Amino acid sequence: MNLEWIKKTTIAASMILASGISGTIAQATAVTLLNVSYDPTRELYQSENAAFAQYWQKKTGQTLRIDQSHGGSGKQARAVIDGLEADVVTLALAFDIDAISDSKLLPANWQSRLPNNSTPYTSTIVFVVRKGNPKQIKTWDDIVKPGVSVITPNPKTSGGARWNYLAAWGYKQKQTGSAEQAKNFIKALYHNVPVLDTGARGSTLTFAQRGLGDVLLAWENEAHLILKEFGTDKFEIIAPAVSILAEPPVAVVDKNVTKHGTRKVAEAYLNFLYTPQAQDIIAQNSYRPRNPAALKKYAANFPGIKLFTLNEVFGNWRNAQKTHFNDGGVFDQIYTP
Amino acid sequence: MPKTQTLEIAPIFHKRLSDPLPVQIVLIGLTLLFFVGFIFLPLALVFAQAFSKGWEYYLESIREPYALEAVKLTLTTVAIVVPLNAFFGVTAAWAITKFNFRGKATLKTLLDLPFAVSPVIAGLIFVLLVGSRTPFGSWLGEQGIKIIFSTPGIVIATLFVTFPFVARELIPLMEAQGRDEEEAALTLGAKGWQIFGKITLPNIRWGLLYGMILCSARSIGEFGAVSVVSGHIRGQTNTIPLHVEILYSEYNFAASFAVASILVFLALLTVGVKVTLEKQFQKNSFHH
Amino acid sequence: MEFFQRKRRNILPGFGLSMGYTVFYLSAIVIVPLSMIFFNTIPMGWEPFLHAVTAPRVLASYRLSFSTALFAAVFDAIVGLLTAWVLVRYRFPGKQFLDALVDLPFALPTAVAGICFATLYSPVGWLGQTLIKYNIEIINSPTGIVVALIFIGFPFVVRTIQPVLEEVEHEIEEAAQCLGATRWQTFRKILLPHLFPALLTGSTLAFARGIGEYGSVIFIAGNLPMKTEIAPLMIMSKLDQFDYAGASAVALVLLLISFSMLLLLNAVQEWQQKEYR
């Protein structure tokens, strides 16, 4: 090794870099949108963005680039509050968009501005088990049995984990009509949890790649993705008879679209998600579409689960958050000795 | 510990300083054992995963436009951060080791502080300082100046995280060397810059080099703090570590580890530079 | 401005300039941003502050973070000294390769490191497969956290000792040996005191870094409340409730503890150096 060698390598490396970078991404485009979203929607928005860009170009002649940012739902909301200039947010739960509206970036009534509570797609919570279902897990009551190891992320840091928790709670409360019993059920459930990853994808990897746990609580769309990525010969999906209707909402961030002058395209983008074309893509990505035709077309993917809404059991998101997940809430109580 | 005029030592004396062979073998063995468990295995895992889909897939993953954008952003950050912190490190080490003053221990501790700050906090403080919730941040926003969630934010967070490296490397070294040589030069009529250039700098060159290598290694790999201020916009504010995370979250393990292996190569490259420089120094100087 | 201390006088030039720049840069990059933690904690008031930072879960997380960081730092001190010694003093094939790999823990993003260890020690991993037979559990336990922190802190120790060891005057050692000291005596009485400041610095840095480490630990810790939840995770979970003040409060406590520990160790070092001079 000598100086000459270093020089040559450096020159070669910088040439490769330069040739790769120039002209690939940084082409000038007429309009840019930034969609700040949560973790599991990467694949969905990749397809939706391509479809919408095409639609928009046909309609207006404008070239459109949609930038994506993904991460934990709460973190993403915080980034927007702190100045990440998202034109639209597509997050895991309404509470996170409520927090954005608290800092005056969009009006408090944001959820009534689009159809279906501003949720163009829904999902639910299902079980993923190892092939052959060795522990015979069929219902919610099966996962709290002694000796069953359950993988679910930490509700404090993961939006998906909160849906898991609320699904379990809601099931028990609806079954018994008692909040006390629901609390005991949740306590038994988390007693069976050996790891609390900070995000939903972390849990998936713990379960699928590291071989921990007998059952994974997951978004229905994630469950299908797991089967696709890790093999249908390794895992199977078990749909419980009852679960929660998870509604991940979308919203235009008024302050930012005003600043960028992108209101029209941002609104068109979110409205596009309700069109038959977009709804089809939604169903293809294993989210439950709002459009009955699309739901029917992909019915095989969406077993009939009796779904209850969050508002039915918990009133609203702010309430659920305060009672269950804030410091000192029920989730903290069940871990207090 | 004054460093005296170095005598030319006959090689025969040097020999007496090396440990007996069995001791050497045992110590090297123990070191290797540690390396296998803590360094080689993780490294092997990175490469095993990176090549799990073959060479072609590997090359494709690291030549993908988003990956290249990430490399570019990371290298830009390093190119800004390392010189700034190196300059600061030398200045601070000079002030701390060549003079006596009150509050030295406190100052040294303040220099260490960024190490003790969780990367999560390191990102958070800049959000709290210039995020749009603050008056200062919203004023900046109105002027159209973007700091966090764009390149300046990433640079500043990295500056913070790697802040102490060079200074911390130089201070113990310069303390061990004392200041007699510099003071002697001063009595002989040398000027400040001459003293620094002719006496101090040659004495501290290893420490400075190590410090800069650490600084660049850490700025290449910093994840936590940068993750908070980045905004994670693909192709724009993703550094290599963030891109690795994104790919991993997409269950694209082979590509994720392929990109991670770029970081390994960059780390090896910095040390390659060090080895070459060492050889050059050896040629030019008498001892060492 | 002249300070007198013992017999030493400050006669070298450049004090004002170097000190001025040091203080300026330190303030701009570290002090002012860090003060934001303080300013964000003030509005919350004393009672809620105490409540936030002394909740049982938070206390348990401090304990865990400090004890695991301490274990890791001690381990790193031993292995780091060993590695630095071997790299500086011996010649053997592959030495430069080892030397190069010392920095790996810095360059490899902490998240990748965490994932690697979690994969290695998982029940289906290369090491975990064997360990599980002996009922040794590394991941999802404090041991796993220590493993990750050893990795994270290792370069600090090696890289602070290495330059000092390289600059050690051979004459002293030789003189000692000429006077009949054994190798071990020479090491203990001559070399170790000389290396001690660097060793202490290195392991203190590893320790301090270990307290705050987040990225690698969350993958391997298991994050169970009261058991394997580290302090930085408490900050994270408060932030996810949009509780900026609460997060700042925990951060402030963590910062103050780390700061006083660093201060103490620096004072010890200063004292040790005066003794030695």
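Which chain is which? They are A, B and C, in the order written, and residues in each are numbered from 1.
Following the convention adopted for this analysis, contacts are C-beta pairs under 8 Å (C-beta built on N, C-alpha and C of every residue); 3 or more make two chains touch, one makes a residue touch a chain.
For clarity, every value in this text was computed on a predicted model and none was experimentally measured.
Trainee: Looking only at C-beta pairs that count as contacts, which pair of chains has more of them, B-C or A-B?
Mentor: B-C is joined by more C-beta pairs in contact.
Trainee: Select the chain at the greatest separation from chain B, using centres from the mean of Cα atoms.
Mentor: A
Trainee: Hey, how far is the Cα centre of chain A from the one of chain B, in Å?
Mentor: Centres of chain A and chain B (C-alpha means) sit 36 Å apart.
Trainee: Could you tell me the distance, in whole angstrom, between the mean C-alpha positions of chain B and chain C?
Mentor: 15
Trainee: Touching at least two other chains at once: which residues of chain C meet that condition?
Mentor: 115, 119, 236, 239
Trainee: Mind pulling the residue numbers of chain A that touch at least two other chains?
Mentor: 81
Trainee: Which positions in chain B are in touch with at least two other chains?
Mentor: 272, 275
Trainee: Tell me, which parts of chain A touch chain B in their complex?
Mentor: 1-3, 5-6, 9, 17, 20-21, 24-25, 34, 39, 42-43, 67-71, 79, 81-85, 103, 199, 201, 225, 229-230
Trainee: Any idea which chain B residues touch chain A in the complex?
Mentor: 63, 65-66, 68-69, 71-72, 75, 127, 131-133, 137, 141, 146, 148-149, 231-236, 246, 249-251, 269, 272-273, 275-276, 279-280
Trainee: Where on chain B is chain C touching in the complex?
Mentor: 1, 3-4, 6-7, 9, 13-14, 16-20, 23-24, 27-28, 30-32, 34-35, 38-43, 45-46, 88, 91-92, 94-96, 98-102, 104-121, 124-126, 128-129, 156, 159-160, 163-164, 168-169, 171-173, 175-177, 179, 182-183, 186, 191-192, 195-196, 203, 206-207, 210, 213-214, 217-218, 220-224, 227, 240-241, 244-245, 248, 257, 260, 263-264, 266-268, 270-272, 275, 288
Trainee: For a test of understanding, state which residues of chain C touch chain A in their complex under the given definition.
Mentor: Residues 52, 55-57, 115, 118-119, 122-125, 139-140, 218-219, 222-226, 233, 236-243, 246 of chain C touch chain A in their complex.
Trainee: What residues of chain C sit close enough to touch chain B in their complex?
Mentor: Result: residues 3-5, 8, 10-15, 18-19, 21-22, 25-26, 29-34, 36-37, 39-40, 79, 82-83, 85-86, 89-90, 92, 96, 98-101, 103-113, 115-117, 119-120, 126-127, 147, 150-151, 154-156, 159-160, 162-164, 166-167, 169-171, 173-174, 177, 183, 194, 197-198, 201, 204-205, 208-209, 211-215, 231-232, 235-236, 239, 244, 247-248, 251, 254-255, 258-259, 261-263, 266-267, 270, 273, 276-277 of chain C touch chain B.
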